[in-house]
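Data first, discussion second: the structure below is written as structure tokens.
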Amino acid sequence: MPHGEMTTSRLEAFSDGVIAIIVTIMVLELRAPSQPTWPALLKVAPVFLSYGLSFLVVAIMWVNHHHLIHAVRGVTARLLWSNLNLLFWMSLIPFVTDFLGKNYREPVTVALYGLDLALCGSAFYLLRIELVRQDSGNPEMVQYHAGVQRKNVFASALYALSIPLAYVSIYASFFIFALIPAMYFLPEKKLAGGYEPGA
Amino acid sequence: MPHGEMTTSRLEAFSDGVIAIIVTIMVLELRAPSQPTWPALLKVAPVFLSYGLSFLVVAIMWVNHHHLIHAVRGVTARLLWSNLNLLFWMSLIPFVTDFLGKNYREPVTVALYGLDLALCGSAFYLLRIELVRQDSGNPEMVQYHAGVQRKNVFASALYALSIPLAYVSIYASFFIFALIPAMYFLPEKKLAGGYEPGA
Amino acid sequence: MPHGEMTTSRLEAFSDGVIAIIVTIMVLELRAPSQPTWPALLKVAPVFLSYGLSFLVVAIMWVNHHHLIHAVRGVTARLLWSNLNLLFWMSLIPFVTDFLGKNYREPVTVALYGLDLALCGSAFYLLRIELVRQDSGNPEMVQYHAGVQRKNVFASALYALSIPLAYVSIYASFFIFALIPAMYFLPEKKLAGGYEPGA
Amino acid sequence: MPHGEMTTSRLEAFSDGVIAIIVTIMVLELRAPSQPTWPALLKVAPVFLSYGLSFLVVAIMWVNHHHLIHAVRGVTARLLWSNLNLLFWMSLIPFVTDFLGKNYREPVTVALYGLDLALCGSAFYLLRIELVRQDSGNPEMVQYHAGVQRKNVFASALYALSIPLAYVSIYASFFIFALIPAMYFLPEKKLAGGYEPGA
């Protein structure tokens, strides 16, 4: 072979770079209020809250992505492109966040936010399918991946549900947006528990 | 020598950083529609599609750049500056993408998009010339490089063709813009096939 | 465990990426004056000064963050999320800086700037609590952490004080904003003194 | 010592990140022309040319910074802050570039561009003073540094000269802006010659 394999660390560094930029450029959409008063600031609050929510969502995705890449055994073309597919949908998060923050009472923006997160969830699913294939000879890993995938399907289905739900009640969709980070946040704590010195 | 060589990993890390930023800042040009309605969103669709196309183009360039840098044996000044030349033309992709997305029916913007990608292709060609020189003693590598260069010349010529073609029919130019990623996407799959565990 | 630990170097690389972006995108808010004249430039001076101040503040945070992460012994979930909490408040610095620069005589913007820096200081405090827990068996380290925390509490309290103070006199708040970098800048010099060859 | 030294690779990675962002965000100031016509594009040409010039200037600074950091023996506080001082003045390049591109016939913008580059040159000088101190026992290195500093003083003085010169003739200042990259570009080629395989 005239050219070397892409290492997982290379893939991770590039992904980390893109994710770091995604999470940070969102703040550029927090425009200074036109008036230097608290009421004017209060009007920016929905933009700020949607930024906070998306920061949390992207942070969770970053942590999950990190764990996922660590389980990779070889950078296949399928893995490379599944990963770029995920980064593409993640790169739209600043756009849907900004649109939501500026029009947070409109079903369209709520639905679009849910749609992009559902697509991110599906992209994670596709990415892990490649890992399952790599680990097909290892029953313990197959079982581990199955557990993560179940949770992922559940989260993606909820995000998909938030799309039509936005037309019934945007609050129901917001409830889903708040529920999923909470759901991911807690188990991550448990999973990572094993790292602690003394454990 | 009072100062050390630049390692290829350093060169790659810097290039990866620039490419990660290029691919991500393009999303800043996806401005939230003025009205929170689906028809208003639909008007943004061309901007979105041009973003998607450029994301794919830059992703392919990133993968090719990675393979190219892995074949490097020494960071010469010529290599360094050929690489910076490539990054310069790549850095203009967000600009031509935005201009195309906002005026996708105008020959000017279509031609300019084709021009920048033709220049990126030419920059890749110049960069590989330096590699061919480094590998001139290795017939297998010379043959490998010749194959990649042929494909590159073909793609760059097509992009160059899309410039005048935009004044005949912008659809013909769009066909070229869709054809080249497809052409690169498929062989990359084949080339990377050797990485797969079990292969 | 089916997935590996996150290494401190990984955590640091991601944090460095986010901090590098925070410090650099602030310059995007330095808009070119409408008129190419020195008086027009002079009107931009407060925006420039607030940029310079925030550059210094973020640079100090980066240096402190670096020292902090080097003392980490294991990346626990608590550490990971405390770090993301810090990055979140740091990511708001470009926003409060821009708001301050454009309305530097208004108590609201001065108070908001102080508030965000107080929250960053508190986030540093929370992050180090996890380190203290990790090093609880090492009296020398416990004492070292206690010293850093005292200084941190002092700085955060001053930043918190600058919030109500802005309504008394914005100059008093500005004095605090200038004092704290000076306070951090000097000891850092002493601490780092041990690195010098010949020392 | 309770906390480890900052390694030069860490310092370089952070600096590379900031420089990669500086060089890339400048393209965000290339706004799509209001009309999709070649005459409208032609009006953007000065903005494009100033972008191209600054890309080259920052690229040369990146290469020089890389060589400089490789000669570092220990990351002292003085080195750290001299480096942050350099990054600060470099971070203003997108601002002065944008201002110049939009008002390229005005002495103010030309002078400001020259001023920022003179400050960058001076920051490089200060940074290398610390290196000279570190290498004071090595006559060969002292001589090498002295040569680089002479060139740096010459370039910085020319940039400083371009400030008053802009009020005599902006073309004289532009001549300096073109001359210095040429001057740096050529010797870099010679210095790097030793890297080439077979040399």
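Per-chain residue numbering starts at 1, and chain names A, B, C and D are given in the order in which the chains are listed.
Simple rule for what comes next: a residue touches a chain if its C-beta (ideal position, glycine included) is under 8 Å from a C-beta of that chain, and two chains touch if they have at least 3 such contacts.
What you see is a predicted model; the values in this text were computed from it and never measured.
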{"item": "Equivalent interface positions on chain A and chain B, same or different at half", "value": "different"}
{"item": "Chain centre separation in whole Å, for chain D relative to chain B (CA means)", "value": "26"}
{"item": "For chain A paired with chain D, centre-to-centre distance based on mean C-alpha positions, whole Å", "value": "37"}
{"item": "Residues of chain A engaged with two or more neighbouring chains", "value": "13, 17, 21, 25, 28"}
{"item": "Category of the chain touch graph - line, ring, star, complete, other", "value": "ring"}
{"item": "Chain pairs in mutual contact under the definition given at the outset", "value": "A-B, A-C, B-D, C-D"}
{"item": "Chain D-facing residues of chain C, complex", "value": "12-13, 16-17, 19-21, 23-25, 27-28, 30, 32-33, 36-38, 41, 52, 55, 59, 62-63, 66-68, 70-71, 140-141, 144, 185, 188-189, 191-197"}
{"item": "Partner chain D, residues of chain B touching it in the complex", "value": "1-6, 10, 13-14, 17-18, 21-22, 25, 28, 73-78, 80-81, 84, 87-88, 91-92, 94-95, 98-99, 102-103, 106, 108-109, 112, 134"}
